[in-house]
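Read through the structure below, which is laid out as structure tokens, and then see the notes.
Letters A, B, C, D, E and F mark the chains in the order given here, with residues in each chain numbered from 1 onward.
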Amino acid sequence: MNAVTHPEITLVPNNSLLTATPEEGRQLAVKMARLIVKLTQPDEEKRNQLRDVYGNDAMMLIAVGQTVATEFATIAAANNYWRK
Amino acid sequence: MNAVTHPEITLVPNNSLLTATPEEGRQLAVKMARLIVKLTQPDEEKRNQLRDVYGNDAMMLIAVGQTVATEFATIAAANNYWRK
Amino acid sequence: MNAVTHPEITLVPNNSLLTATPEEGRQLAVKMARLIVKLTQPDEEKRNQLRDVYGNDAMMLIAVGQTVATEFATIAAANNYWRK
Amino acid sequence: MNAVTHPEITLVPNNSLLTATPEEGRQLAVKMARLIVKLTQPDEEKRNQLRDVYGNDAMMLIAVGQTVATEFATIAAANNYWRK
Amino acid sequence: MNAVTHPEITLVPNNSLLTATPEEGRQLAVKMARLIVKLTQPDEEKRNQLRDVYGNDAMMLIAVGQTVATEFATIAAANNYWRK
Amino acid sequence: MNAVTHPEITLVPNNSLLTATPEEGRQLAVKMARLIVKLTQPDEEKRNQLRDVYGNDAMMLIAVGQTVATEFATIAAANNYWRK
């Protein structure tokens, strides 16, 4: 088994991809994408500065969406698309 | 289960990926992509300014298409490609 | 069910991902990618100007291909890769 | 069924994703990616100029690889990864 | 079988995609993405300089997230999404 | 069947996606990505110059990782994730 631990930052909240609903799954995708930004740039002040940058840059906003879309694809598959 | 709530913005309309038709699924993909832009940039006026930017920039228009294509892939799989 | 309607622009021709052949599926992928550009930039004259831009820009031409490749992946899966 | 025809350019050689081997599948992926460039920029002379551009630009070379990788993923799945 | 060996750099820790939990899978995705950077730029000092660059560049931070998201999609599928 | 041959450059070593281990699969993904660069820019000297460029450019290094991640996703699926 693989255990490459980064103890200080949890990358998957609740250590599970399973959510009750698509909405929670979508929020998890957003959260997991942000946690990679946090892992790559641990300095909160810098992250806030960078968020002002990408929040006001059309291309970056689009790129954020691409990352969330890919994360969500994985989470949706994990939850069998929340089909009853 | 995971519940990372962003109460103020719903990220998945009707909290479901299931749509009656591909057309509705495609529109849901567009809507979900836009909701991530809204989540990342809550200021409506700024978003409208940014829409003028990416609406007139060839590369950004293409990048919007890439995001929608990835979202749609997930929604199409969720709906088993609307096969009868 | 989800019904986020954009009545004025149809995003999925014939409201189906099913095509008789891979060639038709590929053309549908191109068409669906273009319809997102149209949805994002409804002004035809502007779109024609933008097409001159990306038609003569190597990186943009490549990016168009990435979008079509992602759309086609979905359409091919929907048609079970046109396996007999 | 969908039939969005672009009679002048065939986008899928032999109108099939099925190939005898991974090598042929990989070459088909390259060919299909190039046919979208051709569809988007029908002028051969311009395409040759653009090929000189992206052939000598590191980022564009990488981006070409991303497109081929996505096309190949679809073709490999279509051929069930050429598993015997 | 294929054996294209790069003996000096191991690209897949423990030569396995299987992890006990999503958290370990996520960390493996990060690790595998970094190992490709290491393979492409073996000079550690240069990598550290580059990490300062992308750690402070909003678009690059987003792009790192896109790579991790794609790696994680593969690892999650390999582990059947850690469904019990 | 499709046979679009580029006899001079083999794009898939050993004409197979099957590898004994994830490590070999990962190296195959790197190799296949590089072979597309070689196909697109056959001039070895130019490729070496370009490798110096992207080896020292943070965004390009990340983009290389995105291509390898997509190639690896296909190879991992082909090998059923090397599950015993």
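The rule we apply is simple: a contact is a pair of C-beta atoms (placed from the backbone, for glycine too) under 8 Å apart; a residue touches a chain by one contact, two chains touch by 3 or more.
The structure presented is a predicted model; accordingly, all values stated were derived computationally and were not measured.
Q: Among the remaining chains, which ones contact both chain A and chain D?
A: none
Q: Tell me whether chain A and chain E, two copies of the same sequence, contact each other through the same residue numbers or different ones, using over half shared as the line for same.
A: Different, since under half the interface numbering is common to both chains.
Q: Among the chains, which has its CA centre at the largest distance from chain C's?
A: Centroid comparison gives E as the farthest chain from chain C.
Q: As a multiple of 5 degrees, what angle does the CA superposition of chain D onto its copy chain E give?
A: It is a rotation of 120 degrees, to the nearest 5.
Q: How many angstrom lie between the centres of chain C and chain F, each centre taken as the mean Cα position?
A: 27
Q: Just how far, in Å, is the C-alpha centre of chain F from the one of chain D?
A: Their C-alpha centroids are separated by 16 Å.
Q: Can you list the residues of chain D that touch 2 or more other chains?
A: Touching at least two other chains: 16-18, 54, 57, 59, 63-64, 66, 70, 73, 77.
Q: Are the chains arranged, by touching, as a line, ring, star, complete graph, or other?
A: Contact pattern: a closed ring, each chain touching exactly two others.
Q: Can you list every chain round the ring, opening with chain A and moving on to chain B?
A: Sequence of chains in the ring starting at chain A, next chain B: A, B, C, D, F, E.
Q: Enumerate the contact residues on chain D facing chain C in the complex.
A: 1-6, 10-12, 15-18, 32-33, 36-37, 39-41, 46, 50-51, 53-54, 57, 59-60, 63-64, 66-67, 70-71, 73-74, 77-78
Q: Note which residues of chain C are touching chain D in the complex, please.
A: Residues of chain C touching chain D: 13-14, 16-28, 30-31, 54-56, 58-59, 61-66, 68-70, 72-73, 76-77, 81-83.
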